[in-house]
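Going by the order they are written in, the chains are A, B, C, D, E, F, G and H; count residues from 1 in each one.
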Amino acid sequence: MSRLKTLVREEHGTPPLRGGHSLCQGCGIPMVVRTVLDSIEGPKVVVSATGCLEVATTRFPTTAWNVPWLHLAFENAAAGASGVEAAYRALRRRGGLPQDDELTIVAFAGDGGTYDIGLQALSGALERRHKFVFVCYDNEAYMNTGIQRSGATPFGAATTTSPAGAASFGKVQQRKDLTAIAAAHGIPYVAQSAAGPHWHDLSVKAARAAKADGPAFLNALADCPLGWGHEARLSPSIVDGAVESCFWPLYEVVDGAWRLTYRPAEKQPVEQWLRSQKRFAHLFSPAAAETLEEIQRRVDADWDALVARCGG
Amino acid sequence: MSRLKTLVREEHGTPPLRGGHSLCQGCGIPMVVRTVLDSIEGPKVVVSATGCLEVATTRFPTTAWNVPWLHLAFENAAAGASGVEAAYRALRRRGGLPQDDELTIVAFAGDGGTYDIGLQALSGALERRHKFVFVCYDNEAYMNTGIQRSGATPFGAATTTSPAGAASFGKVQQRKDLTAIAAAHGIPYVAQSAAGPHWHDLSVKAARAAKADGPAFLNALADCPLGWGHEARLSPSIVDGAVESCFWPLYEVVDGAWRLTYRPAEKQPVEQWLRSQKRFAHLFSPAAAETLEEIQRRVDADWDALVARCGG
Amino acid sequence: MKEIRWHARAGQGAKTAAQLLAVALLREGKSVQAFPEYGPERRGSPMRAYTRYDGRPIRRRDSIEEPDAVVVLEPSLARGAEVTAGLAPGGLLLVNSAEPIAGAVCVPAGRIAPDAVNLVMLGALAACLGEPSLEGLAAAAAEVLGRKADPARLAAALEAGHRAAREERWAA
Amino acid sequence: MKEIRWHARAGQGAKTAAQLLAVALLREGKSVQAFPEYGPERRGSPMRAYTRYDGRPIRRRDSIEEPDAVVVLEPSLARGAEVTAGLAPGGLLLVNSAEPIAGAVCVPAGRIAPDAVNLVMLGALAACLGEPSLEGLAAAAAEVLGRKADPARLAAALEAGHRAAREERWAA
Amino acid sequence: MATDLTHAQLLTGGEAIVEAMCQIDPDVVPVYPITPQTPIIQGYAKAIADGRAHGEMVNVESEHSAMSAAIAAAVAGARTMTATSSQGLALMAEVVYIAASMRAPVVMTLGNRALSGPINIHCDHSDSMLIRDSGAIQLFAESAQEAYDLTVLAPRLAEHPDVLLPVIVCVDGFTLTHSAEPVELLDGELVRDFVGEYRIPHPLLDLAAPTTQGPFAMPDYYFELRRQQAAAIDGALVLFEELGEELGDLTGRRVGALDRYRLEGARRALVCLGSTAGTAKDVVDELRHEGEQVGLLRVCSYRPFPAAEVREALASVDEVIVLDRADSPGGAPALAVEVAYAAGPVRSHVYGLGGRDLHPADLREVFAGTAGRYVGLRSEPCPA
Amino acid sequence: MATDLTHAQLLTGGEAIVEAMCQIDPDVVPVYPITPQTPIIQGYAKAIADGRAHGEMVNVESEHSAMSAAIAAAVAGARTMTATSSQGLALMAEVVYIAASMRAPVVMTLGNRALSGPINIHCDHSDSMLIRDSGAIQLFAESAQEAYDLTVLAPRLAEHPDVLLPVIVCVDGFTLTHSAEPVELLDGELVRDFVGEYRIPHPLLDLAAPTTQGPFAMPDYYFELRRQQAAAIDGALVLFEELGEELGDLTGRRVGALDRYRLEGARRALVCLGSTAGTAKDVVDELRHEGEQVGLLRVCSYRPFPAAEVREALASVDEVIVLDRADSPGGAPALAVEVAYAAGPVRSHVYGLGGRDLHPADLREVFAGTAGRYVGLRSEPCPA
Amino acid sequence: MGGLKTLKTWPELEPGGVVLRDEAVQPATGGWRTGLRPDADLELCVDCLLCWLYCPDSAVRLDGTAFAGFDLDHCKGCELCAEVCPTGAIEMVPDGD
Amino acid sequence: MGGLKTLKTWPELEPGGVVLRDEAVQPATGGWRTGLRPDADLELCVDCLLCWLYCPDSAVRLDGTAFAGFDLDHCKGCELCAEVCPTGAIEMVPDGD
């Protein structure tokens, strides 16, 4: 059966995340959530950090979740998942739960809840080797609160706390490389992927993550039409642009071994990708020409380093 | 002049940390602190996290510090340093401070205040690229509160929260590789070093760290006779054992380039090093033989990976 | 005291219209408040904004539940029960619509100026309320939006709405 | 009510001695408390521990500032003003010392049993106080430390101290 | 409003605070976003981008770090401002205490918002109440105008050598932060003069006189240091009144610890914080008009709490009614107990949690004694 | 102590709590070390290592995560315990509120310790007071024995279907956690029977009936959910008394919301929390012996606060004197205002911050009315 | 908030605000569409299910593994399905129709 | 804590408990030694200063860059200096001497 059909089958008519939520038209998050959950066999429990996904899917007394779902706060998705996992282990050991059908605990957090305020809880959970899958849906800013810069926001992007203006060119720092940071934790499985046209890559990785013997971390680029500034229907091509320009490479680290899972036939200039989004509009003024070059240089250097790390 | 004499000169008779504090007899922390600070030219401000160093050097109304020193809490040394650095930049820009003599801001935290509860503040400060030197004095456990396990505690070590007993063999997880995690942040300078016989290595690295164009991170192994369980006077040989066995390699990462700064003439079996410390005593029962082998295997694998990363 | 409720989609400028009305009234010596309503819904979702004004100082800060007038910027929302909730029987219902709607004053703002629906409806509202003056609105629009848009175009949109509402009311 | 203060270095077993005394007294029907004092000082630093007991139930939980007896396990601390602070003129000062010290009952515990200075001094204290019984102390030591040490050796150390103090007091 | 506002600007509370920040032009501004504080930090970021403000904006990774960096910057020697709400304040609670005890004169806007859970973005005062023992000064604004005035005043109060404490300007979330009202701004020059230079006794960056800041204190000194801190906040009360008058001379408006509204001859008086007072004033007017002897006491300076003044203001009142916009489950509400302690027996109500509105009709019931303990709640039975 | 303690064990409060934990044998124990809680978590770790306990001990990386993991485990369906102190509680404050609002029946020991700054490891109650509005139950122990008894009782109270709230057993740091006293332990079997199975209405791990836990609530429901929580903690008061009696039948000792000590005919009464009550009882006896009509009211259940019972207990007393072991700078102390609200005019004192001791002589001065507001402070002038 | 009075009171709610999936009613979000809705030409459809995969609102109906139209109660009209449909089977059409 | 009464009162303390280095008195920690103290044979000393470098208590005195004995008020007697001295110049000797 094609992979997409296995996803359909895993849902058996009940999507883990159903319609009726209040995420924006065309938001990129649901595709990441459903692709990940549908790619994991067996029962699942979801833990979410505060963010667009959580706020927009669980307005009391409604819920868009068909799977058991838990939210505590913004910074503690990984800690919550640790607690659920410890409870699961304890109850299984005491015979208090069915012994077949291994449960998979999946945590979802945005880049803010992963790169920044949720990093410590994540790092601790990885160190303790809880068996769970942590998925960062990375839309490169704090979207829920109105597009503020995060550790994941790319250099040069305008956000409401790194605005472009007479005295500024958007964010002045490079983005944190969280996938590499997770990999440095020496956990069994780490991967970087994206929704949109690369759903197959994401799906395969989600399945591998769930089967890992310990914690797994997935960093999935998820489009935010509102925050990135483009029409919703262009999402697929824009996510694709991030991958094809090598701004957002797809790779995995299995037990410490790095491997590219996708190599663009021809690397696209990053400028093309930047131009498609309003958050980079200010970079196309003559005064910002250097910034543009700097971005390309950095993308190239990072890509080369990654390729080297993946064995050339 | 020999490097040691430059350290003496930098102190000009006033050690940054003076006697009269209440750290244990033979504690390994002061040597790290003084070697680092004496190796950095010019004025310095120190920010400390809660821990042995802080608690034992600043009992009100006394102080063991001859340099300006700030403590806020356990988890926020890097955030405090960020604030000092921002203030320094703002005041310099406004002409409110002398314009010569670049100030160096040095943060000290134990492994607990770095690997665990202080990681997020550190990671954020690195992402924001504040210019400061963060020094982790890594004694591999929460010593101040009575030797509890931390993310830095080695696999198999007995601590008061990972005790050895009928049903346990000490800590069950591997230690977090914090130096690698810091390096994954893409900051200009990251290094791993140790006090004791490797003071020269530490001193050189501290000087480099202070000159880096952005944040620098130093991870320095610091002996804790009480927590590791050995006579204070054996500290130098025990720290040395960690390095010579390749349990604690010395290396640096300069602008992303990894380099070994010391390669033992002959790698010592780790067992020898373990045997010298009570925290590993339980591993020398026949039942624990496998654990011992596992430790050696892991040290070997990590060392090989590091050597490869450093270009063989 | 007069209370106005605005219905629209996030992004259609209801918040701005509510504020422009307040600025214009403020300049005419009224006491004013303007505020939107916030929830977890995002781009594309229906939203509301409010304007409150009075000849005497306004101090109360509760929400508006029984508005004197309701303005609907998004035609597709016009038929929901939400828009008339709390509206007194004689209250004004002003809708951006090319088709007539029973009980409502309809102005085809989308047709008149698709880029400035909010201004057209604001002009129309002023005509219905009899205040503030068109000049006052134009000045307020220039004050608030002048740096981003051509004041003449803003004034034109306001005026077109004002005229359309006057005509529609005559017709009704 | 009787209150005892113990002076030693961290690691010399003053906390244990304070507790053993309490256990033995408890078994003899007394109400008891035993607690150390904590600060930022570490291994090697001087520290204090306390025992409080009474025939009636003890409920107060304040610190002990005017002890009835002071026991010093570490000879080098014996001459500091700290050890006599708060000690009433007639109070007992019991010191581990091979040399005589004015105003103090000295027992050469370090010489008698270098590994069990605390037990020797505990035995000595019991002799001075007249309670608890040596047997009670030995039982308490066996109860608390029995899994780690040979009860006979514990008893021997206690007894040695008891005897030494009795002799010393005779001499004094 | 005695003044003619025709030429005032229509600004939200958030925008008004941004204007104050641009005029004060602090050195360091460490912040982390949270609704409903975001308009403030976004407005300030835009002001920097446009060259209207010149501080170091430090976009930290959590509120714990925001306050930590703020303390560090303030004791280092830089004028420091920040802003937060709700969960943000809860996450930094530990360090708010430390800010006060280290006597760091940080000025912070708090966009008051209900604490989780359940998570909610709207106004109540539970966040303020969480840190009521922290030692930080808390001033509650009634209007956007007052939010501006208090923000301008705050650095003077915080940095006064006898005070040296964080000052938190509490602004009802959405009701004030996001609602536009007429606001009169002072001339920027005037504000700069009013605020003056930043000066603290022992800046960490004074390298010539090294200091140890944030030491460990045992029982022999801890109590003394806490007592000193209590004295500082108690002394801030008179100072606040004085600064209120000094600022009033510039603005023609008055800010002060208490706002006594028609208490002369009042037999029943309401006590509350924040923007609700505006609504209550309308109701008091109505009831007075109907012949009822009622009045209102609005507490602006919740910390320090002007206990003696409250007692005196309520001395001749028969019934004191306290409105708390935060619940203390298993205990009595914070403002109610504070007033009870100050003024004798009181009746207490809880209202407005999580953004629930309070209407004139509710307030009539409160005055009439027919309201339940929880005002605005569905089907809450009346008191027996 | 009516019972013969000859065969009791000499245990510190910390050790006694470890024994209770071994007997309860919880499923999950997420913890982060902090003085003076460490003996508890170390003792528990040792018990696991020795095979005497069987829970999952989760050595988290901060207290925020400790409470987060604890909530998650508890709502997942596992009996969960934890412990903390001071800064640890402050760092987890945000999630303590969330634990209560999510109705997670986590049992926690709090080794009471002063909050920074300055940093200090000794006892006061500022940490407890920080979270007094969190909705968590707080029970204060007077002795190591009571710390044990309350810990045994706590899961029953927390997990009762009408309660479902975190229960915090507050134990004075060092004074109780590190001091050895005679403690009688119950038989382990008896404790297991008393505590029973862990049962909650909607475990997250019930995969057959998926639930959404921790949703977002707008003003239309937030208030209702908070009100529900308030009802739960209010209802816990009676239940606590009932459980106290049920446990008392097993132990021969009594625990309950209030401890009324010689209040019959008392003209002056002291109110306080925790271990200080022991010292106060001695003083009451002395003064009674000297012919003074004094008494003591010890509050064990600080949350829920038994306001009606306090009022009744103090009804015929001329003067109520409240001792707070935490200051509220710029406001009145927490217990004082609570009692004032319950019982009319009171006099207040602050004592014991940062481990400062309280002596019988101090208490005599308190009763005599010659003590300053801050008892135990150097050179505090007497009230005018 | 006049409508508030008709909502549940606190004793009627589950402790802690737990939402029981089986009892929760999901709001309709079809009203978010701004004039256009997706419409599929089944003749052209090849049941690739990419529309199902991409739809952020889980608004593509299936019959087994075959495409079966749209759930217009929840479809927000984002156009993604039309964008990704490889055969052009999906077109956005005026909503009234 | 009878000695408490002689310590400073709150109005005498710096705001926030700031400790001014120039006014702070450091406690003596020589009393921590348990019978042994370091003693140097200057004849053997080669001024390598390793003892200075290692001493955790900053208790090795210098004269310029020359070894100049021990600060016995602060030396805790840990023996590290004796351990690292390359020439054996430092010996631990009974403290009374």
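The rule is simple: contacts are C-beta pairs under 8 Å (C-beta built on N, C-alpha and C of every residue); 3 or more make two chains touch, one makes a residue touch a chain.
Since we're looking at a predicted model, the values are computed, not measured.
Following the contact convention of this document, D, E, F is the list of chains adjacent to both chain B and chain H. When the interfaces F-G and D-H are ranked by how many C-beta pairs touch across them, F-G comes first.
Seen from the Cα centre of chain B, the chain whose own Cα centre is farthest off is C.
The distance from the centre of chain A to the centre of chain F, each centre being the mean of the chain's C-alpha atoms, comes to 42 Å. For the pair chain B and chain G, the distance between C-alpha centroids works out to 55 Å.
Averaged C-alpha coordinates give centres for chain B and chain F that are 39 Å from one another.
Listed for chain A are residues 22-23, 25, 27, 54-55, 58-61, 63, 65-66, 71, 73, 75, 115-117, 119-120, 123-124, 127-128, 151, each touching two or more other chains. Residues of chain C found to touch two or more other chains are 39-40, 44-45, 63.
For chain G, the set of residues that touch two or more other chains comprises 1, 4, 7-10, 13, 16-17, 19, 21, 24, 29, 32, 76-77.
Interface residues of chain A facing chain C in the complex, by the touch rule stated above, are 22-25, 27, 52, 55-56, 59, 225-226. Chain B makes touch with chain H in their complex at residues 4-5, 7-9, 13, 15, 17-23, 25-31, 34-35, 58-66, 196, 199, 232-236. On the chain C side of its complex with chain G, the touching residues are 9, 44-46, 63, 65-66, 74, 76-77, 80, 85-86.
Of all residues in chain B, only 43, 45, 47, 54-55, 58-61, 63, 65-73, 75-76, 78-84, 86-91, 94, 96-97, 103, 120-121, 123-124, 127-128 touch chain E in the complex they form. By the touch criterion stated above, chain F contacts chain E in their complex at residues 64, 87, 90-91, 93-94, 97-98, 100-102, 114-120, 122, 126, 129-130, 132-135, 137, 214-219, 221-227, 229-230, 232-234, 236, 303-305, 307, 326-332, 334, 336-338, 340-342, 344-346, 348, 353-357, 374, 376-378, 380.
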